Amino acid sequence: MGIRVAVAGASGYAGGELLRLLAGHPEFDLVAATAHSQAGAHVTAVHPQLAGLDLTLSATDAASLSDADLVFLALPHGQSAAVAAQLPESVKIVDLGADFRLRDAALWERYYGGAHAGTWTYGLPELPGRRELIKASDRVANTGCYAATITLALAPLIAAGLADPADVVVVASSGTSGAGRSAKVNLLASEVMGDLSPYKVGAHQHVPEIKQATGATSLSMTPVLAPMPRGILATVTARRLTGGDPREVLAAAYADEPFVHVLPEGSWPHTAATSGSNSCHLQATVDVDSGRLIVVSALDNLGKGAAGQAVQCANLMSGLPETMGLSVFGVAP
Amino acid sequence: MGIRVAVAGASGYAGGELLRLLAGHPEFDLVAATAHSQAGAHVTAVHPQLAGLDLTLSATDAASLSDADLVFLALPHGQSAAVAAQLPESVKIVDLGADFRLRDAALWERYYGGAHAGTWTYGLPELPGRRELIKASDRVANTGCYAATITLALAPLIAAGLADPADVVVVASSGTSGAGRSAKVNLLASEVMGDLSPYKVGAHQHVPEIKQATGATSLSMTPVLAPMPRGILATVTARRLTGGDPREVLAAAYADEPFVHVLPEGSWPHTAATSGSNSCHLQATVDVDSGRLIVVSALDNLGKGAAGQAVQCANLMSGLPETMGLSVFGVAP
Amino acid sequence: MGIRVAVAGASGYAGGELLRLLAGHPEFDLVAATAHSQAGAHVTAVHPQLAGLDLTLSATDAASLSDADLVFLALPHGQSAAVAAQLPESVKIVDLGADFRLRDAALWERYYGGAHAGTWTYGLPELPGRRELIKASDRVANTGCYAATITLALAPLIAAGLADPADVVVVASSGTSGAGRSAKVNLLASEVMGDLSPYKVGAHQHVPEIKQATGATSLSMTPVLAPMPRGILATVTARRLTGGDPREVLAAAYADEPFVHVLPEGSWPHTAATSGSNSCHLQATVDVDSGRLIVVSALDNLGKGAAGQAVQCANLMSGLPETMGLSVFGVAP
Amino acid sequence: MGIRVAVAGASGYAGGELLRLLAGHPEFDLVAATAHSQAGAHVTAVHPQLAGLDLTLSATDAASLSDADLVFLALPHGQSAAVAAQLPESVKIVDLGADFRLRDAALWERYYGGAHAGTWTYGLPELPGRRELIKASDRVANTGCYAATITLALAPLIAAGLADPADVVVVASSGTSGAGRSAKVNLLASEVMGDLSPYKVGAHQHVPEIKQATGATSLSMTPVLAPMPRGILATVTARRLTGGDPREVLAAAYADEPFVHVLPEGSWPHTAATSGSNSCHLQATVDVDSGRLIVVSALDNLGKGAAGQAVQCANLMSGLPETMGLSVFGVAP
């Protein structure tokens, strides 16, 4: 018998991707999937891509979740703390929300509002030393999708002294599933197809998380909504401090990583190549005109940016092989 | 040690999907992947979604393929026969092309041109009695993507006497990967996005295959190119001969099938729900105004319509569980 | 001084397209644009593509509309009658809704619900004799977008005796703007991109309108939502009654029409070529296998399918050149 | 009788858009449209959106162009000089290619290769003093699409002393029509849909033009191919030198411009709102975390980025109203 897992918030996009990954996972047995307004619905009424899975969504309450060995929380930002507080200490938790990511309570309150719930182990296994921390943790705060994309690109270059942590400029475009499954006019297909639209320009709530994770001290980030369902492409530029080769630094940092691929020279990441996978693709160069470092990073916001990352952390927390149930390869075209 | 397999035509879209499926298959070991103009290239230069796979494409010749226990041919229509002729009889073959699908040589010559190469076991396991034939075959002609979509919708209704085989009208829209990976202006993103365009109206080469597989005797089929990379949606209508319920007929026909799902009443198939999977989704009704049967069928043209179907057949031919290495669930959104 | 016009329902997609066309019209002066929840908003907050137009939306009431010589009603189906009843007889009206299209009150009630409001002159100028009726009318019911697409393809073939009115099968795919600007989960970009999904299969509310306009007596129509913002592509098939050439019949019917183009032989309509225009593109053939007539029709659902058609009718009703302020040419790619 | 104009390179995307605009222009009479491999084809075989236009493409030679008062050259980069050299001095020319944009011959040779053809009046009327120069010129080099987008955003801020010309970072995404109408695998719909891909990272050939037009002295620009047919969205960031409000500076610079719109505070440009128009939308802010200036600029790469801009320049060169035949309003959704 395997490890018993549950998903809270199973009706959203990250929740659906979690169900898909868990259905194919050899060791995790799904014992509950909960939802709010969709409680009581058969899973295929909510996620038609899961036709063939016999599962009914239940209401999100402690009772239906406490039976699991490990719970994934895929709830809207700010709702995880209340659910987590009702679960026994013996139940491991991976939170896909932002609630427990930040160490600085003041920053939480400024960007998200409400009281800060606390700080859990930050769930990005490829950061130095972090894999062991995750293995030893019962509570893990999964990275945000933008933060995962940008941190994997930037953290090694700051750590190696190549990139100036005080001069970082990022423009990152996300597919629409990153905006969630809420019925808003600006997310309608009619509005999005054929369109690129920036949002929260000048003050995005993920900036504190990215600074905390990368060591950047000043960072301009402009997020853009792109006409595709999945994927994030981040262009990360920074003032170059020393003459090292940024590609070599990244290649060395991720040489043994199964999910982070520094592409062959001359190949640049693009989002479709990561779709449906848990991989992140990276490439770097030095700009001819400005001399700035440019790193481009691509991943699937629902994969390595959310559900895949969460399963990777859960594998580590459960003593399983880190790659179990996850795909290195994208579904393309 | 597993079963040794090879892919000829690995640089195309169906070839790339085969490589992805084989990389995750527990029993098939890929020993060769061949290409024409891309021979010598690393696989990630051709299929960036396979970053992390260490494989170089070789030239398509008998020597590099003969070492395998089973060969997948994913070549342009008309090129399979020459390659197949050079392979030892002991090597099993699944041909994803049209070369060996038709029983009627005259129809082959009219629609495809050139000499008819012969007829192999038709590889659609869900047709009555066909699974056993495939298991017993060393040579299997994989279904075409349109034919798979339409046959699964129509064959049981004709067999049960509900649908008039002499009065069938089909309109089927396909994603662009169905048109292959050739650099043509009409397949450019600028031309396709935001556009629906019919093609080969009035005389599509897949009609004889569909008639042969379904038992239809007169069939109008209009194919449409749709602005999406994957997926086929077929609307199949036929004059109704008897008063039976078409949904019940389909549900009975596929009750034990792992990959063919008749959706709950009121739910209609859509392509995205099958993307990346080997599933086909079906629903049927009787039109209020005309009394015609309407069946809608959706699948992934590269999955159940090509590479997934081929792996399913190869599993059967190799004595493996039919579902091995294949996903029931789609990657959505 | 020009002719004073007003738009009720200016916040929707058809309303926005009307405002765009009217802003470029040499003789129509927009004196009011009304909305419901968006009343009081500047037009660019609702339609950012109209940046540069100085206009504030007002509330939809008789007072703000009565000042016009001609009013366009672009309201949800069922809401036009109430507004129309409050307008003076001297104000001409073009209704883009379904309220006044059907002659048969029973059919209205069955498909739309509620009481039938009445029947106005049906606004498809290219039907025989209809142009003169529209010129003489003060109240015109604009065609539905599906009805316009299908009627232009089918009506001449039934009238000429080529097509069997009792055996018509249509599959028509529409871009998402046809579904309106309401915030529904199934219309989200994440759900629609990469997807084709049929809806209202077997009983679409536009069937009675299409039968009334074309003379068909039995018609199966399956509508499909396509991943593009604009455009309808209809594949219309019918049993062939006589040996005439369907393309010649259509070419003769529309020889003098500025907006209906029967394409050169071998060219098939596609939606992008009509985007932003008031044109409809047509092509026809006889199916090799079944002998059925196949006509493909493409137009812009917001252009010739809604706002453009409405302006064309308004031009006729106002004694202006029929093509004034309308573009024959599409915006592509 | 109007002004006689001709288009060389009419088979490409910019050429097609020119034909569309010229067909609706009240004063320009198209006397020739030339092409290379498509010479002899009817225009609708090449541009089906122009159905209804009776025009046959001729071969690109001086004879067929010399009959015009003004010639638009929409040829691949590097081919304009040879054609221009064969035209009489009395024929005015607007070149949409890059050949005559740069003042620095060495930069031309480094980025484009081949000999530098010379320098013509740079065709961006909204730059200070430039409108008068264009009016007085017989030879005008139209801006590049990226350069137009970025220059309109950045030039006033450098001129006003707000933006540090030595510290500019740009990420700009373009729709696929910007890559031209050549049949390349990487531009296939299957590759592009659902995908964002950067290209020419670290050394884009438009950087010298942008620096020349804006006054920037160091500029990092990363271009990204986006899954949409039209539109450019540029995120332009720069170190802030003084405390002025960037939005106010832009609003003052463009207060009287018909085609450049600084949006209301809080509204950010998005590409779809400019599609089919000659407008550019702008918004600016100061980044909370880094203090950098952020300007977002959107336009239609075929409109204000190419054909629209060219017509605007041609209007000025011909003594016509600058806005004649051009639309301020976008076609959306």
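First chain written, first letter: the chains are A, B, C and D, and each begins at residue 1.
The rule is simple: a residue touches a chain if its C-beta (ideal position, glycine included) is under 8 Å from a C-beta of that chain, and two chains touch if they have at least 3 such contacts.
Just so it is clear, the structure is predicted and the values come from calculations on it, not from any experiment.
> Which chains sit in contact with both members of the pair chain C and chain D?
A chain counts here if it touches both chain C and chain D, which gives A, B.
> By mean C-alpha position, what chain is farthest away from chain D?
Of all the other chains, the one whose centre lies farthest from chain D is B.
> Count the touching C-beta pairs: is A-D or B-D ahead?
The comparison resolves to A-D.
> Using mean CA coordinates as chain centres, what's the gap between chain A and chain D in Å?
The computed centroid separation for chain A versus chain D comes out at 38 Å.
> On a C-alpha centroid basis, what's the spacing between chain B and chain D, in Å?
44
> Please output the residue numbers of chain D that touch at least 2 other chains, ranges allowed.
In chain D, 13, 175-177, 190-191, 193-194, 227-230, 270, 272, 275, 333 touch at least two other chains.
> Enumerate the contact residues on chain C facing chain D in the complex.
Touch list, chain C to chain D: 13, 16, 20, 23-24, 42, 44-45, 47-53, 176-177, 193-194, 229-230, 258, 261, 263-264, 267, 270, 272-277, 279, 281, 327-333.
> For a test of understanding, state which residues of chain A touch chain D in their complex under the given definition.
Within the complex, chain A contacts chain D at residues 168-169, 171, 173, 175, 190-191, 193-199, 201-203, 207, 211, 218-222, 224, 226-231, 233, 235, 237, 268-272, 275, 283, 285-292, 294, 296, 298, 333.
> Which residues of chain D touch chain B in their complex?
Its residues touching chain B are 13, 175-177, 179, 181, 183-185, 187-194, 227-229.
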